[in-house]
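Several structures are given next for inspection.
The following pair of complexes shares a single chain, chain A, combined with chain B in the former and chain C in the latter.
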Partner chain A sequence: MLAETPHAQKLGLALGGSASVTEDQKAGLIEVRVEPKFLMDVSKKLKELGFDHCVSVTAVDYPRENYMDVIWHVSSYSNEELGNKLVSLTVRISRDEPRVGSLVGVWESSLFSERETHEMFGVEFEGHPDLRPLLLPEELLGKWPLRKDFILPKRRSDLFRKGGAQP
Partner chain B sequence: MSNITTAPFTYESLSQLTMKEGVLELQVGPAHAGSGHMRILVWVEGDTVVKVDPDIGFVHRGVEKLSEDRLYVKAIPIVERPNLVDTVNANLGYIIALEKLLGLEAPPRAQYIRVITAEISRIISHLYGIAIYGIFMGSSTVFMWALADREPFIDIMEELTGARLTYSHIIPGGVRWDLPKDFGERLEVALKYLEGRVSDYEKIWMNNPVVRARAEGVGILSGAKATELGVVGPNLRASGVKCDVRKCAPYSVYSDFDFDVPTFKEGDSYARLLIRVEEIKQSISILRQALKNIPEGKIIYEDYYKRMTPLMKSIYDEKGRVKFTSLLTSLSPPKGQSFSRVEGGRGEIFFYLISDGTKNPYRFRVVTPSFRNLPYFTHVMPGHKLADVPVIYGSIDYFPPEADRR
Partner chain C sequence: MPSWADPVLSVGIIVLVGLVAPVLVLLIGKALAGSEHPMKRKRFESGNPPVGSGKGFFSMQYYPYLIMFVLAEPYAVFLFIVAMTFNLKPDVSGSLMILGVLALALALRRARKMVEGERGIILVQEEGSVYFGNLDEIAKKAGQFIKKNRLASKVINWGYTYSLWPAYLVTACCGTELAAASGPRFDLERLGFLSYGNPRQSNIVLIDGTLTIKMAKVVRTVWEQMPEPKWVIAMGACVLDGGIFWNSYSTVLARDILPVDIYVPGCPPRPEALARGIMMLKEKIKKGEKSLNQPTSISENKEMREVGNVG
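Coming up: the complex of A and B.
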């Protein structure tokens, strides 16, 4: 489904050669993938093009392949034409050393989302001004609960179903 | 209190806070002292707020992790819980993302029913927001009025779905129940009642000199700054930014409807109150159009209907009720990703799903509007009097369970 549609081509040209731009036509999502070293440049260019706010920051964990994708979803309020587009800016980083530059300097709206992604995945956002824990209770700090190797304890209802626990 | 200058907002951590002598740290909450289930750390110099730090997460339940551990349909009740007074829009957002993954689309009648329930939910949410704003400013009357005025709509939803708040009415491929026969008339009665009440609110609440004195010019956020901070929903539009997902990136059948996106240029607490009332009026208009134009037809995706057992089909034909087929409970969408943006009562709700072809979502991301409205604490409250904190807090219609994703 990934294709070099006119939208993607146009954006690819505007961003220069450092980013690969494709459009997931089924999802309606324009995907920008960059190397970590080009992240700052590409994000600044995206902002200049009119993508003025960050909707979400998140990560996706792939333990078997030993990498993580950090994704910024950005859109636009000020530019009506871009308002119905959603662009995902993806960086692939190693799971052993999950470090990536913070984009708070570019999109201030990513502040709280990056804080959340830090505590949930253990991604270090370099240059982020405030990486204090946000949502988690103390006993879960440092355990990176949204990573795939964090297994939830079995629910009691499941145990009953298998006859494994007494009421 | 003459020479007070507010420090510019900085992100230094709490331990590094160096505050001048005479600065007092106040903790608002977390025991619901007008804060909701959250703690607001406020530093005041005299009576003036110099810095605010929202401490959230007290009711965090891990919606994302829970949903990644469950079947796709079992995530429906989970995504409803955070936005407890606006459950339909959260439900709708998740189902739109899921339907995109599955590559199917609900039939037109189901889409219209979705819009009707979503707009009822928006009215309920806005009334709740007005009620909370009222009690924060010390007006029990408006609190009682607005909460009571939700009841006709909650009753209507109860008749349709059997539940008062958490409906789980929208399912992949359609909706669970068709509209009852007298639904149109009952809704029209409720709408007429609400229209009358809105003019009452204008008399007792919006044109109240106390309210105007406390809210006008308080908590101003300019349009440019609101864009930069990425705030959402009615708060954003009260700052003059005309962005409503229903208009700028239409979903479901919203492009069929004729409605305005009200905006105010003031960006203060008073504008954030007025915009909710204006949006209620628009929702009333959308509901009337939907009732008039709702098409006949199936309320469930054709292919799912065909796979029903004869008993299920007879119940569907007789009562307009969709029984859960085994197919729905073992959905495994093809590999891929999808997202959805819907305009909830408080603003844009964002879902992002990744499927790896199994029965559980591989990645389940939800961003709620209150979470994105957090910068109001850090950027808007400083510089105001302490007594303005509840006014600003009430005006942004902040809902802690939603921000925490309870």
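Coming up: the complex of A and C.
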């Protein structure tokens, strides 16, 4: 359950008020929501605070509301207290033009994860040094298979029509 | 009969058998050869195309075997036989004798080539009649005879059931169950089922686990590389109907790429289930049945290329 806890308020103050911070105490997860224009500043401040590496990069697709959330999960190796926490740095971007700044300059470990998110969701990471395809076979390049409106191959749809999984 | 005739006769019989046996094998192989996929004779190993400097052309592991079986072993056997028959000591004289025989054979071969030219074995062929010497016709007739003879096919099929060698091809988590089944507790080797590291010398594709699009291509390539006869066992729910990955963008069903003989359902199936599947496959082989499903390869499969049209 995300809520405004003392920890979250403290982190919000440290980030200078440009981000809304909530915390799920049970899961040890802190969510930091920022506008795309403040993303670089907030990520640099997070790194200064001791969150020194990026665990994963992912995205969540909302086709009906027409936006996507791009999420960087960051944590700490150097600071033991911060290492218990996982910060999810979330940016909401338009689905029509999915562009967001790359954070490879801040956390280098997001290099491959951003490549993967790019080929799975079609998010363009501006400033990424190398956005080549990483995992997908040739047939699926440019189809963004993890988006919600991706339609499964035809030969499978007959089998599972009753399940209602197709959008 | 003079005293030297007996040893000469025995050596002659052995040499005759040694000459006739390879000719027979060649004839039968020629007769039973069917059409083959162009992939079959390409230089692949275990589904990996040889790329880069790491993959040398001279693969050393085969040549010691070649040297041992083609040169050293027959030489030792002949030396032994010659020494026994002519009551020689296995010294220089025996070796010289064998070298003389080899030189004679080479000279004969050279002479025959000069007489017959490049085409070699085909001698005479006229309309309506076949003369002795047309080896293609003889091979065809011999092959038909072998195919018609049910006893021979039964014996051959029985032999197949005890040499089921799947290629190592662990595609997903069902591989743990395969490992358990190959271990000492369940021990599938007592059924003649032994995993082998090379598709060229194996005859079963055991798909153990989810097939992704990338891995499906490898599986198909491995299957193309196998010599006939070959069978396919599909293990686990994922290759049967998708399993827990049924709505994944990348899951491929086994029946879309290979003629599957036996399905072993389960998530994952227990080793007992796999053993039962193998027993069922043995029954199938003994009856001489083949899978009715004959899918095209991935490069020819239109639907697979049109995968994931975003609508």
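Please note the rule applied: the second predicted complex is superposed on the first by the 150 of 167 C-alpha atoms of A that agree within 3 Å, B and C clash if a C-alpha of one lies under 4 Å from a C-alpha of the other, contacts with A are read in each partner's own complex, and residues count from 1 in each chain.
Everything that follows uses one rule, which is that a residue touches a chain if its C-beta (ideal position, glycine included) is under 8 Å from a C-beta of that chain, and two chains touch if they have at least 3 such contacts.
What you see is a predicted model; the values in this text were computed from it and never measured.
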item: Touching partner for A:E139 - first (chain B), second (chain C), both, neither; value: second
item: Which superposed partner A:D24 touches (first chain B, second chain C, both, neither); value: first
item: Chain C versus chain B, contacts on chain A by residue; value: B
item: Touching partner for A:D149 - first (chain B), second (chain C), both, neither; value: second
item: First (chain B), second (chain C), both or neither touched by A:D130; value: first
item: Touching partner for A:G83 - first (chain B), second (chain C), both, neither; value: first
item: Partner chain in contact with A:H53 - chain B first, chain C second, else both or neither; value: first
item: Touched partner set for A:S109, first chain B, second chain C, both or neither; value: first
item: Footprint overlap on chain A, comparing chain B with chain C; value: 137, 145-146, 150, 152
item: Residues on chain A engaged by chain C in the complex (per definition of touch); value: 137, 139-140, 143-147, 149-156, 159-160, 165
item: Footprint of chain A on chain C - complex, ascending; value: 212-214, 217, 241-242, 246-247, 249-251, 253, 256, 303-311
item: Chain B to chain A touching residues, read off their complex; value: 10-14, 56-57, 60, 62, 64-66, 69, 100, 103, 227-230, 236, 241, 243, 248-250, 336-339, 341, 348, 350, 352, 354, 362-363, 365, 367, 371-372, 374-375, 404-405
item: Residue numbers on chain A that touch chain B, as the complex places them; value: 1, 24, 26-29, 52-56, 58, 60, 71, 73, 77-78, 80, 83-84, 86, 107-113, 120, 129-130, 132-137, 145-146, 150, 152
